[in-house]
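Here chain A shows up in two complexes: once beside chain B, once beside chain C.
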Partner chain A sequence: MQAAHRLGFVLLLTPLVLWLALLIIIPHIDMFFVSLRERVGVGEYETSLANYRTFLEEPLYLMTFARTAVMSVLATALTLLIGFPVAYYIAKIARGRVRSALFLLCLVPFWVSELVRTFGWMILLRETGVFSSLLQWAGLAQGPVEMLYNDAAIMVGLVYTSMLFMVVPLVTTLDSLDDAVIEAGYDLGGSGPSILREIVIPHAMPGIVSGSIVVFMLSLGNYLTPIMLGGKDSLWFTELIYSQFIVRFNWELGAVFGFMLLILSSVIVWGTLRLTGQTLEKTMG
Partner chain B sequence: MIPTIPQSRLIRATYGAYVALFFLYLALPLAVVAIFAFNDSQFPSLPWEGFTWDWFFGDERPKIGVFHERPILRAIGTSAFVGLCVSLLSVAVGTSNAFLFNRYDFRGKGVFYVLMLLPLVIPGIVLGISILVFSSTVANAAWNVMEWDIMALRPGLLLVILGQFSFITTISTLVIATRLQKFDRSLEEAALNLGAGRLTAVRTVTIPFLMPALIGAFVVAFLMSFENFNTTLMLVGSDAPLTIAMFDRLKEGSTPLLNAVSLLLMVGSSLLALVMIAFQRK
Partner chain C sequence: MKTYATQLKYAAVITGAFALAAPANADTLRLLTWGGYAPENVIEKFEAETGHTVEVTLSNNEEMIAKLRATGGGGFDLAQPSQDRIAGPQAEFGIYKPIDLSKIDESQFIPSMLMATKANTTVGDEIYGVPHVWGTSGLVLDTAKAGMVKDYTDLCAPEVSGNVSYRLRRPTLIGFAFAMGMDPFAAYGDEQAYTEMMEEVEAKLKDCKPNVKAYWSGGDELMNLLRSGEVVAAMAWDTGGWKLNDDNADITFVAPASGALGWIDTFVLPAKGRADDAAYDWINFVMQPEVSAMITDSVGNFTASQGADEYVSDALKAKYQASFPPEAVDNIKWYPPVPAGLEVIEGAVLDRVKAAN
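After this line comes the complex of A and B, so read on.
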């Protein structure tokens, strides 16, 4: 029995270890080593921090890095602000059939690929698009209006793409809040805003944190939305990674970029978890 | 505000309107994509030129429909193949992981659990490049040491499958582990008391109980693989899955053909989701 138990353990542990080691841990370590390589001649490399220096000394790279971070944080905040009232409505106000229908409707857009969603926004926003035509038809605009290829369009797309990952955890946590607690708040003389601040939001905190982390990650790592909806000046950091790896074949610098993105996301995720007193196991698992 | 607390009508109406507006925002892009698939024009934009099925069934230039467009059909096939491989692999490994975390206590369990969650917080594009770098290191080493040229380790379908598998497994593990936690182990013990071996007990009692989660994980994995873009972009070789093929088309300019493909995708994934919900109900 004991031997069988051990055998079972080893058999179950093997796939986990193989998966994590070969596809997650070793590749990242290898990428780190590549980022430390400096090309000194054809097929000759030296270990140095030269690539990191390139990253720090080129204003375009740093600017794009900062811009991507700031815009991702902004997209996360917007998604939370827009999604929270809807999640609250689904969890606390809608009842029965309507409730499950609304919840399902929230999920529908995400059964189709991100590409299709972005394509939809392109059809709506571009110069010959639906909004532009409607504005002209209504007499609100003289000529075609270009609403695509700017930061606002990127923001609309990012918020749209990530909405599900905010609303679902929010509905789940708000659902577990007992109505009686809110009633008690009113009985004790609380007003709407104070109840929201002191009862609802603290209760929803795990949902807010896990939703925000996922949305932030998705925005930071997004490639399609910025490239399709953004203009010439709205470079996204993932575009730099792609161009170093695939277009310029400069893997050393690309690895540095990849690492910087990884560090940025880890620092922000870790910081959010620390600030709110949550753990990765609790919010994700 | 909850229904049992009276609120002024104005506030309630405003709130209701906001929620309605939100759902309009969700539906709008998908609705226009679907509608313009039937526009009898070269471009997916207004003005409306009349209704047509040509973008699905047309077989003459300039309106070649989806069902006559070979590259797109091939890309759908590639995506389906990749999706099936990824789903099978990730459900298998996910089940094994779920049993490991549920049934065994071992040193480092907490660390392994966090490591298992890690792929969720690594950007997809970084996962893609790290696997690209590592596989090419291995391939180069194999060439330098033994003069083996392992083509499978160069960008291509195997790498795409491995790349998607690397993070979808986390999701399938979570889905299956949640269901396994609800399992009453005394049922398995009863089977053992009745003379079943350990494996027989698991096969005849635990696995049927897990079935809804296994199917759910399979469908979710398939959909995620089918629509994955970032990781795939970095690892793709000459056989492009559908999202990559559509992306290349979109860069060159769009025709309602893309709308038609998109509409088919929407219908396909909704059907899959319905199948999943039906299984969950049982």
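After this line comes the complex of A and C, so read on.
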């Protein structure tokens, strides 16, 4: 009986272990070794930390690194700001069919691929695009207005792409908040803002944190949106990784960049959890 | 012995008949190529004639090399990088195998182009590539609005400010270096001189940045920018200009005063390719003049096939002659092989240009 239990446990665990080992741990170990190689001649390599030094000594790489992190954090905050009222409305105010319809509306954009969604934004924002023509037609603008190719366009794209991943965990946690608790808050003389601060947000905290973590990771690792919507000044860290691996044939530096991105996201996620007093078990469980 | 061979033949025929009449030596050819180089009608004809099946993967120079490097030259049976990208990666990563010229019908190639490609793709004593499609990059202009642009450096002129686009890739660096009166190809062998040259180009490109609307990265993106009129002058491939010329007679390809940059895409065998015979069959098949003309019609560029020009449509020929008067043809700067390691220098320059304000 005991043995059968154990066999079942091992069998159930195998796919997970294989997944982690083959797709995550082994490639990262390999990448770590690649990142320690320094090219000294045609086809000759030496073990050294030269690539890490290149990363730390080139201001451009550090700047892009910091820029990507800051913009991802900003995108996460914006998504939360927009997503929270939406989630609250779906979970607490909407009822019956309206509720499912609203939830579906959040889901609909994900029926088309990310590429098509991003193209959609390009059609809207470009100089000869929908918004620009509309503004001119309404007499609000004299000439064509260029809204594409800047950081704001990137931000719009990022928030749009990750909205669903914020709304879903928020709806789930807000759903579990008993309406009676909110009523009790009002009975005890609480105002709208104080109830939001004292009751709703503390209860929704696990949802906020898990949603933020997912959105942050998605924004940080996004490649398509910054490339297509960003302008000539837009630098995104994943773009650097791509160009080192594919365009420059410099796998060694690319591997360093990959590692730095991994460290960055781990540190920021860990920091957020510490700051909010949440644990990974509580938010994900 | 003879009966054995006959038996084998019969056996092969019978098996073939059972396997839906595929010839006994049918292979799958995994072709790594550019968009338009293996059009559907050519593949159908090839499959009907030889019994091989063709699987096409579309890519570009850098991705081809990156893909082959990742597998040590496996996963594909025939690839088509440009001729300047063969010797360097082969010396560095060993991702190709030598071409057996006895299996190729050399009489189908334009002799001068075959010779040049052989010379450029030789590593040690072995030849690694034969030519296929060639073309140039230069300027695509809306001649009504940007007629004053004669060379790459004119893209930085105030007349076209805000309506310019080019790629942040090595052809841009090379083109600007030529337009600024330097010869980057002569400096290929000297890393120090090349670095200094690239620093000058870097300064120029940084100055030029306010003129640029967006750095394009895909052909379709550029087409959209030019077609909508948001961009009036761009650095691009000849075929892009000719394609747009069909829709808008003002837009066309112009060879810059300092010379268009010429590239030749080749056939190479990846080191771990499994269907070499099918690969040689494909090369010999597509180099036939009639088939080459079909590819030219599909992609817009001419091939290294001897005599294929006769079969190409007159409209395309006319556009080619308008863009390339004889002296412009003589002025084409053909890319010599890129020595290993230059990409790192160029990469740093491109990154800094992108980051500049």
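Rule of thumb we're sticking to: the second predicted complex is superposed on the first by the 263 of 285 C-alpha atoms of A that agree within 3 Å, B and C clash if a C-alpha of one lies under 4 Å from a C-alpha of the other, contacts with A are read in each partner's own complex, and residues count from 1 in each chain.
Basically, contacts are C-beta pairs under 8 Å (C-beta built on N, C-alpha and C of every residue); 3 or more make two chains touch, one makes a residue touch a chain.
What you see is a predicted model, and the numbers here were worked out from it, not measured in a lab.
When the two complexes are overlaid on chain A, chain B and chain C occupy overlapping space and clash.
In the superposed model, more residues of chain A are touched by B than by the other of chain B and chain C. In the superposed model, A:Leu188 lies in contact with neither chain B nor chain C. Applying the stated contact rule after C-alpha superposition, one finds that A:Phe9 touches chain B and leaves chain C untouched. When both complexes are overlaid on chain A, the residue A:Val247 reaches chain C alone and has no touch with chain B. Contacts of A:Met63 after superposition: chain C is touched, whereas chain B is not reached. Within the superposed three-chain model, A:Leu115 lies in touch with chain B and out of touch with chain C [touch as defined at top].
Applying the stated contact rule after C-alpha superposition, one finds that A:Ala138 touches neither chain B nor chain C. When the two structures are aligned on the shared chain, A:Arg126 is found in touch with chain B and with chain C.
When both complexes are overlaid on chain A, the residue A:Ile26 reaches chain B alone and has no touch with chain C.
Touch criterion not met for A:Leu275: it reaches neither chain B nor chain C. Of the stretches 111-119, 219-227 or 327-335 listed for chain C, only 219-227 runs into chain B once the two complexes are overlaid on chain A.
Overlap of the chain B and chain C interfaces on chain A: residues 126, 128, 245-246, 251. Touching chain A in their complex are the following residues of chain B: 1-5, 15, 18-19, 22-23, 25-33, 36, 43-47, 92-93, 96-97, 99-100, 103-104, 106, 110, 112-127, 129-134, 137, 162-163, 165-166, 169, 174, 198, 223, 226-227, 229-230, 233-234, 242-243, 246-247, 250, 254, 258-259, 262, 265-266, 269-270, 272-273. For chain A in complex with chain B, the touching residues are 4, 8-9, 11-13, 15-16, 19-20, 23-28, 30-31, 34, 82, 85-86, 89, 92-93, 95, 102, 105-109, 111-117, 119-124, 126, 128-130, 133, 160, 163, 179, 182-183, 186, 192, 213-214, 217, 220-224, 228, 238, 241-242, 245-246, 251, 254-255, 258, 261-262, 265-266, 269, 280-281, 284-285. Looking at the complex, you find that chain A touches chain C at residues 39, 42-43, 58, 60, 63-64, 126-128, 148-149, 227, 231-233, 235, 240, 243-251. If you check the complex, the residues on chain C that touch chain A are 62-63, 65-66, 69, 89, 91-94, 169, 209, 212-215, 217, 228-230, 340-341, 343-344, 346-348, 350-352, 354-355, 357.
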